[in-house]
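Written out below as structure tokens is the structure these notes cover.
Going by the order they are written in, the chains are A, B, C and D; count residues from 1 in each one.
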Amino acid sequence: MTTPLDVEAIRKDFPLLEREIHGRRIVFLDSGASSLPPTQVTSAMTRYYESTHANVHRGVYATAEEATARYEAARVGVGRFLGTSAGADEVVFTKNCTESFNLLAKSWGAANLTSHDAVVLTEMEHHANIVPWQQLQQQVGFELRFIPVGDDYQLDLGDLDRLLEGAKLLSVTAMSNVLGTINPLKHLAARAHGAGALIAVDGAQSVPHLPTDVVGDDLDFLCFSAHKLYGPTGIGVLWAKAEHLAAMPAFLGGGGMIKDVRLDGFTAADGTQRFEAGTPPIAEAIGIHAAVDYLQGIGIEAVREHEQALTTYAFEALEAAFGDEVRIHGPGDGPGRGGVLSLTMGDIHAHDLAQVLDQVGVCVRPGHHCAKPLMRRFGLNATARASFGIYNDRDDVDVLVEGLADASRLFG
Amino acid sequence: MTTPLDVEAIRKDFPLLEREIHGRRIVFLDSGASSLPPTQVTSAMTRYYESTHANVHRGVYATAEEATARYEAARVGVGRFLGTSAGADEVVFTKNCTESFNLLAKSWGAANLTSHDAVVLTEMEHHANIVPWQQLQQQVGFELRFIPVGDDYQLDLGDLDRLLEGAKLLSVTAMSNVLGTINPLKHLAARAHGAGALIAVDGAQSVPHLPTDVVGDDLDFLCFSAHKLYGPTGIGVLWAKAEHLAAMPAFLGGGGMIKDVRLDGFTAADGTQRFEAGTPPIAEAIGIHAAVDYLQGIGIEAVREHEQALTTYAFEALEAAFGDEVRIHGPGDGPGRGGVLSLTMGDIHAHDLAQVLDQVGVCVRPGHHCAKPLMRRFGLNATARASFGIYNDRDDVDVLVEGLADASRLFG
Amino acid sequence: MADLEELYREIILDHYRSPRNRGELPPPAHRVEGFNPLCGDEIVLSLLVEDDVVADVKIAGSGCSISQSSASLMSAAVKGKSVAEARKLVATFKQMMSIHEATLDDATEEPEPINLRALGELAALQGVVKFPVRIKCATLSWNTLTQGLDELGA
Amino acid sequence: MADLEELYREIILDHYRSPRNRGELPPPAHRVEGFNPLCGDEIVLSLLVEDDVVADVKIAGSGCSISQSSASLMSAAVKGKSVAEARKLVATFKQMMSIHEATLDDATEEPEPINLRALGELAALQGVVKFPVRIKCATLSWNTLTQGLDELGA
């Protein structure tokens, strides 16, 4: 099992990994919640603040022009990373993936959905792709339908035609943040379009770990956050086909998103600007741009290969050490899953598991992972989730195994 | 005219000020649009990313606990800067001042306003405190009333009692970003409360430059952005009395703002959390905390005194050099105005003025400053706005005068 | 793992493994649910108040060792006590749990001394304050109890 | 101030100080408004199209020297031209204005050569491309013209 990444070299870009926790080196297995940014990202932002910072879009002086150009260039760079050359017109910067979904629901949704319509989600969605639709539903009264998840942790597409009947949108995660399940986007897009619906994708977990191709997969909308993509906090993306953006009403109101304001009303601006009210996350746009450049430098295919190999190693190591005592809630090892391992160990609660793991420096996340409907579906209260990133290697998995053994002793 | 600030020492904290533009040192007079962050702020964020970063509220491992504690401590620190010890329960982090107003309008407003109600704004509001209300008005149909601005650039309060009759909210800027006018908050709060209305304040321009006292002034809501407060982009604040927050419905939906989510609905969380959907701007919260600490170290009273002295100097210098050729749109020099000078010079358009100023390194902002109703009120299309911050001194004003003289020659 | 042992004291593990007052009470007992929204812990508290006395209390739901043992310890501590005594215990317990938050906030503020003796076995949960994220686990059942008493107007 | 002199060429200052085709046309001329939302420039274009020819055009509104001179130059350039020629001119002009954006975007892409001769006096606005923020000023009237032609179905 060789890995295509030079992890040792990569780790040097992440100063946090030099930290010790309770006298042990930190083993960061929580990239699924938020990844660490490399120095390339933090220093790009600091350099921006120290050499260029100015508010965008409104100044004619040199730094304001530069800031505007770099902010707009970030759209293009992010667009390329998603597989499109139309980023300038299709990448809207939000504050996080959650705001992106709220924008989608409360702009596109509010304009297009009536009480006769339906939106199709899945049982494995993150709350970010459920609650905004429920909020809109309370106002508009359309139908929310859910594609069920089978005992094999896959979407059960048996009834898809019926579920899509009369639906205007299918909104689905590319990769489950709990199960690791990777969904067949291209197939789902074709099915949605075949039924006359659009397709929105939650790319929070997929964009940082799998190649993305919004054009090739024929998607309509894609939402994700920078902070899971080795970028900064405070910025997310709504990518949408320009034709959809052009037809969507404004979302948040304020400066920057208007053509004109009178005391008795306003006219909204065109293009991506209509959806970016107020001063945008400028330094953070520089940061996400640096992050996609960094990932592109490594190669997202290599990242995927590396994380898949690491997942295989973890499956084997956990099985060898604990047999049935440790359960991985999600599909078996293979190309249909990502590097997210939702673990339970006997009766030990995930919180306690995570607490014991912390003592050996291992960072995993306990809880419902903002996917309560999915947790209920599987009768789970909480799992301890280990998730891999570009800086993880087999040593990290070995320490995870060591910590789980400690927990087994303490609570066994 | 001595100044209470050691500007030379302060300037050392702002690396951008060492930059040269067209062979001249940069003269940054655009803090009203966005201020520069000191190294204390950028390095606090970088240190956070390099030593602590983790998603907040959900982890039990060491760095996640630290990140959570520091994020929550930022609420408390910001609260103190606003004059309250209740920051933990009253400071909501948003993405900018504009989102804060959207939250206010679309949560508090949507829950409290019907077609029989009225909201009172002023003619000198920034679009951030106009458009969200107009958006809500389109849905709900309440009345929007505007306190007029007199020829003396002050709010005309002659009709205030009538305007407040039956109104549920007065939402007013503490300081105009165009005119520099400082409004009498304490008086306005008393008048609003006397009429049974609440008061919301746009502190975008005042919080960085004047002492703020939400308790002493008896305010209900206050909105502002970090990026005008020597802090980072990507974060804003809605401060609200805890009792108001407790009664307000959720705004954006998603992870982190819920108690429970089922396929058929959700229950919102309590407290500030209800209004923070998704991963918040964590590093940016560390940044705004460092920014208020930095300002507190200097002393906001000293900042105010410094900027007032600088404004006096600028008034005198402009008058001496140009007489009537340069107009300052706003109140005359004195304690009733801040360090914001909206300039026009003869017939020269503000864009051209700013362009010429750029050639001598001076950064000023041309345009309508997101206050089109106010501009119309005064028959203005655009002004060139110079705005002062803690790093500006009289030399900066002198270069501004030099650049204006160039413009006069070129277009005269 | 010295810190860990302070967190997971023997009494705590004992109450976790063998929770006291487990189950639900039929009406007229009052039923209250508590969530820890961030980690998914759920508690169902059945509360029977008669003549200003917590006549009976039962606990259902699921969660981590800290939330479950705290609920078990709480049930044992308040059962049979007057409502006033129970509320006082809640206050003392929450005071113990808030030390960390207070010191974090402002290291110069002197925390008030806590009457640890009044807490009895509950003092075993003291170690939790070193783990701020777990404080919410420990206080979940107590907040639910307060809510229940409030709803009963007791 | 070498760059500045490239931006504010004599022709531009001349058209700014003495704008051509200033005013509004009465109906049946078509009226179109254009805004530059970020800086407040406004343009009111009166457009008379007869037999597929831009028979008359007038400009009102206010803005900076670049937006006003560009509008003035534009009006002089399209007046009397066929709609097809006018549209072609718009395309050529916008191509000149987009060089900077293109190169900014990706320095390796070779910009297409522009027929500067076809632009005549308009070529004076070339200096604007070095000032990206001002490009929107220069193109405002041109976009408004396109909108007007579109609305007329011309």
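Everything that follows uses one rule, which is that contacts are C-beta pairs under 8 Å (C-beta built on N, C-alpha and C of every residue); 3 or more make two chains touch, one makes a residue touch a chain.
Nothing here was measured: the structure is a model prediction, and the numbers come from that model.
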Chains touching both subunit A and subunit C: B
Distance between chain centroids, defined by C-alpha means - subunit A, subunit B (Å): 31
Mean-CA-position distance for subunit D and subunit C (Å): 73
Subunit B and subunit C: spacing of chain centres that average the CA atoms, whole Å: 43
Contacts with 2+ other chains: residues of subunit A: 22, 58-60, 64, 256, 258, 260, 351, 355, 366-367, 372
Where subunit C touches two or more other chains at once, by residue number: 38-39, 131, 134
Contact pairs between chains, per stated definition: A-B, A-C, A-D, B-C, B-D
In the complex with subunit A, residue positions of subunit D that touch it: 35, 37-39, 104-105, 131-134
Residues of subunit B that touch subunit C when the two form their complex: 57-60, 64-65, 68-69, 73, 76, 88, 256, 258-260, 269, 273
Partner subunit B, residues of subunit A touching it in the complex: 15-16, 19, 21-22, 26, 30, 33-34, 36-37, 39, 42-43, 45-46, 49-55, 58-64, 95-99, 101-102, 123, 126-128, 130-132, 134-135, 144, 146, 225, 227, 232-236, 250, 252-258, 260-263, 265-266, 277-284, 351, 354-355, 357-358, 362-367, 370, 372-373, 376
Subunit C-touching residues of subunit A, taken from the complex the two chains share: 22, 349-352, 355-356, 359, 366-368, 372, 375, 381-382, 406, 410-411
Subunit B contact footprint on subunit D (complex, rising order): 1, 3-4, 7-8, 13, 38-42, 62-68, 131, 134, 137
